[in-house]
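Sharing a structure, written as structure tokens. Questions coming.
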């Protein structure tokens, strides 16, 4: 099966991992994987969640000391039993979950583990600031390095993280979903940096779910599935369909939006909705049975808008109408009682209580309605959960399983189940398929369809263009806190949305 | 380095202000000539404590046997094993660096009393002291470190700083008192110790020690107890908090006394659960389980929380026959004596305790001779005489 | 030209110094017999015990943990230094006492870092265990220097040699400043902050997080034992519960001094200054001749105000987190005045 | 990950978190039987229970604070003292007024704690410590460090004796009323924790504050209520303690904060929140009582008991959290 004949040349072999196996209690995460990366190439690693990408990369980063198999770097066999050792060998790892220390300054975060010294023990503070500044410049971030990390925004933090790793001058750079929090300009700048590094002879390993990105920057791509390597091939000689097929193991039915029903009454309307500094003068409406896409780049104000609609954050100006009735959002409870539901974007931090069971999570928003005279009806809870588990194919199909023990896709399905349980009239979904495997994604999309068909008004907040295009009836584009355009029907194309989101082709009068 | 600059600024500010304000304050020394005569004429025999007793009755004294060579080598049941604790202060051959009495009368003198903590007993103690202070128009300040040793040291230093005519100290701990008293002594301020016994060494730096005869009163009460017990049976003790003299006096006082007076009484156990009713209750209940009928008496270091816990445990077990004695005469304890729950408690007048300390200072100011150790009178309160001591001082 | 935000930042940054200056000024102006050399000596001496012990508590807090066992470790150091004195001499006894404190810290550290038990639980446990050990060792009674009375060292430590600084205070200041420089300016020192700020990051960067946590506890144990030992030498004796009142004061001072229960924040110097501030406050209140209840009340009010202020400003900060500056520029100045803005309040970390 | 494994984990984990403490209790029972033949007597068992009823009352309330993910309430001792003193003070208006006043104090302190911690997210340990300082200072100031006596304060209305007897009433002549009250509270609060709307929402709040907030749960109110319940049971315990001690004083209840945490945590309520039960907490309280009982029966002195208690505490919690962690369920 392995057809690693496409090697650039053996002289530049930077990393060779041979027959790597890593077992966790009860599962084998990586099995007999052989992987090579060459200096001067960008090597993408793709696969569904649970395919073994993260484990493989963690082994490379020295997070485990009990893996089987050989690793050699630049032709030298090495034992990667601690992060320090891995770093020593020039492996630089940019993690998906940001790993910065909030209370400390940017400078110290960038230079953690290698603070510039003076007279041995002491930190040279001038050098610290200077070095941090130059490291940040490499990723195009112009910010005072003395600012505490907890004060900066998420995309700035992402860049700081990359600067930190780059600053160590690694010979092998691993990037794990580095673009998820970045805007288009920042992505462009990052890709420029990557291209420059490649030219300088680094081996770059790029992990992503985002196939277009891979075609844009990767030279080769390795596909993993169920802990095994399926194939490695030149990017130029493959197609999205082939890659998807390898990742999934079977052909995926293409999803087509069935636009066979007419949307009903106006379910939600906001006018001049404003939260100072976050979004200004937003006018939107959504009708029952309709899917309204809300597309925008990260940081455009989408999530903030959704949170204000849900009463989580305050609104400074503007009005909100539910079925024509003016409502002032004061608390999330109130809005949930009004029939709104909001699936949050970060399932681990703000979506799920990971240490509780599937059942406890599924009924989290429904508890008051599950209570009779204030007493909780656990058999009803079990019934509801069980039916949702069946409907969403949550695996394992037991409501007592701890959520932390589920895979990412099943966690996301659990989160969706929580909001289906409230039987919402208006469902707001914030990045409903971020970081989930294809099967789960298809299922979630299908469920959203169903909901709309049954008359739920859906607002789909997403930066996943194909997702928005295939699902939305109408799509509003939000940019820098303003809705700058709205398209519907056949006009919803990836190109059109991207152009709008990047501030091009704005129709007159749509903005301001 | 803005920060270090700021710190320096603050320190300079402080230093400057100190320099501006100058050194230690001067004591006011002007005394009227007839002060001594007027002081000697003050009559305090009419003062009464809150329980209606005379505030300052005739003080009692103690028979002091000769000291054995090495008391600690004797068995713990031998009274002389505890010689250095029980007869503390009597053996001081020579006092060191004691200031001479001004002998110009007590009226108008400034006295700082540092007690050991906030406790109802000590509130009554302070009241007693204040009564004497009022009688002699003295300027009395009572400070409480609230059981914090570091705080008490700070207060002592602060008191020295104020250069009063006398410092009265209730030590938090017997051994710590040595250095405390020595330091006051070195500063040339006269000091009287009160209530809690210090180590012997501390006594040589102090004019006197006044307070209850813990050993003596427990010996006295132990005899009453032994008689009621029929000089047989088994007893157990709830101890005082570790560290102070009562921890030993209120346990080994009766043990050694019984060893001579009623040797058939067996000591079963001793525990120090603190002054918490619930914890004491459990210890006593556990004893009742463990010893059953062998347990016929319990000695307590405190007659409020410990007594309540003990009585409650006995009542629950239906063992009201167990005879309980306790130290002190709080209102709670007196009520229980009256109700027959407690066999006996010691009468230790808190107000007299405070009053004696200051009265000793008065005598010293007046140029009179002062004994090195002064005990407040001891009495045993039982159901028969409890009425005489009502209402309780605290 | 200082703007309103500059003032707020300044106050936030030098909160504890300003508080100290304020309290000191108030007492200097109004408290009788407060402002003199002797009283300054008293204040410095009183602050020493808790200030040194606060080093350890602070550094453990910086690492993201709690060390409630400081109070019994203070007592342990005190009891052992007096107990070992006859056999080992002063220097040997001090070393032994500090080592014993280190052992307590090591046990804490191992249980927290290696056995992964929550530090709150571990140190409540060792708090009682060490107290029990002290009782067993002493039989419940205090210890004092016995035999030929040796007060020489005590007198040396307690009498001022420079202005109002006795050697014990100077030692305390040196230790605190030493640790402050170590934690702020050296590479291993910064790693303590990194471990507390984000354990994972530190570990991934090759900083041995577990080792730093263990060292933090060891430093805590040693500092507490040393402060107890020096105090005990100063008073030539040691009680079994010497440190029992220290814990709450240390916790309060550390928080007032700017450390955070979430780790990564705080400075040993500021904790020490906070202890000093509380001591000045207590001393001043004593000068007024009021009861100890006012000391508790005053420290409670200060602590509560600090906690409330911090919680409230966090609450406000949370509300403007993620604001877009360029959007705010759309608003007319009149509106902007009434809008909480994140524009200028970014805090520099020094 | 196989289905069987997850299932087995859950059962084992539940076993550890609920029954783990009863396992320890069983060991203590066996040791107790070996030490003394009178150990299993009704009288001894009743005394074990009787000795920890006040602690039990405090612990079942404190469990809510820990359960909500907020560690501990250090203002418990002063709440107990304050409610006791206020109750005694109010005895001049009768016994009902006294109890009502005592509970009102608990309500007030609970409300303040709940508001500041629930709404403004102040650190619970530091805030409740500050609260303890302030209330203790206030109490001592108001009553000038005196203690007050129910029999004196309540003499006019005759309520004093009733108040003192509160702790001493026995149901059917044998079962102390305090035990009955504790049982009632334990059962009631068990249902509140496991079966009420509030309790279910509190579980999610404790396990993940943010997730709960973004599930539309009123987290501020829930956390506030948790502190309120804690303060209320502390107030009840304070009234009983004052009744038992026959004095109202500022120092009552000292040490009950850490003791309650010990019982709660050893009973399987993890500091991370959202896990544990009142059943476990009662087990924890019983273990503490049994441990003291067995050690006293064995003749171990108070000091050594301290050491053993501390060691058992660390060990028990260590084993428990370790087994949970090994199952990938907890990290606290």
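A, B, C and D label the chains in the order they appear, each numbered from 1.
In the analysis below, a contact is a pair of C-beta atoms (placed from the backbone, for glycine too) under 8 Å apart; a residue touches a chain by one contact, two chains touch by 3 or more.
Bear in mind the structure is a predicted one, so any value in this text is a computation, not a measurement.
A count of contacting C-beta pairs for A-D and for B-C identifies B-C as the more extensively joined pair.
Our note on geometry: subunit A versus subunit D, Cα centroid distance of 43 Å, whole angstroms.
Per-chain Cα centroids separate subunit B from subunit D by 36 Å.
The distance from the centre of subunit A to the centre of subunit B, with each centre set as the mean of the Cα atoms, comes to 72 Å.
Under the contact definition stated at the top, the residues of subunit D that touch 2 or more other chains are 140, 144-145, 302-303. Multi-chain contact residues of subunit B, defined as those touching 2 or more other chains: 118, 144, 272.
For subunit C, the set of residues that touch two or more other chains comprises 135, 140, 260, 291-293, 295-296, 350.
Touching pairs of chains, sorted by label, consist of A-C, A-D, B-C, B-D, C-D. Those residues of subunit D that touch subunit C in the shared complex are 71-72, 116, 119-123, 125-127, 129-138, 140-141, 144-145, 258, 261-262, 265, 271, 302-311, 313-314, 317-318, 321-322, 325, 331-332. Across the complex, subunit B is touched by residues 36, 38-39, 41, 43-44, 46-48, 50-52, 54-55, 140, 144-147, 149, 151-152, 167-168, 176, 241, 244-247, 249, 254-255, 289, 292-293, 296-297, 299, 301-303 of subunit D.
Here subunit A touches subunit C in the complex through residues 61, 63, 82-84, 87-88, 93, 95, 99-105, 108-109, 112-115, 117, 121-123, 125, 144, 146-148, 151-154, 276-280, 299, 301, 304, 313-314, 316, 480-481, going by the rule given at the top. Within the complex formed with subunit A, the residues of subunit C that make contact are 185-188, 190, 193-194, 196-198, 200-208, 260, 262-265, 319-320, 322-328, 330-331, 335, 339, 341-342, 346-350.
The touching residues of subunit B, when paired with subunit D in their complex, are 118-120, 123, 144, 269-273, 276-279, 281-283, 285-290, 292, 304-305, 308-309, 312-313, 315-317, 331-332, 335, 394.
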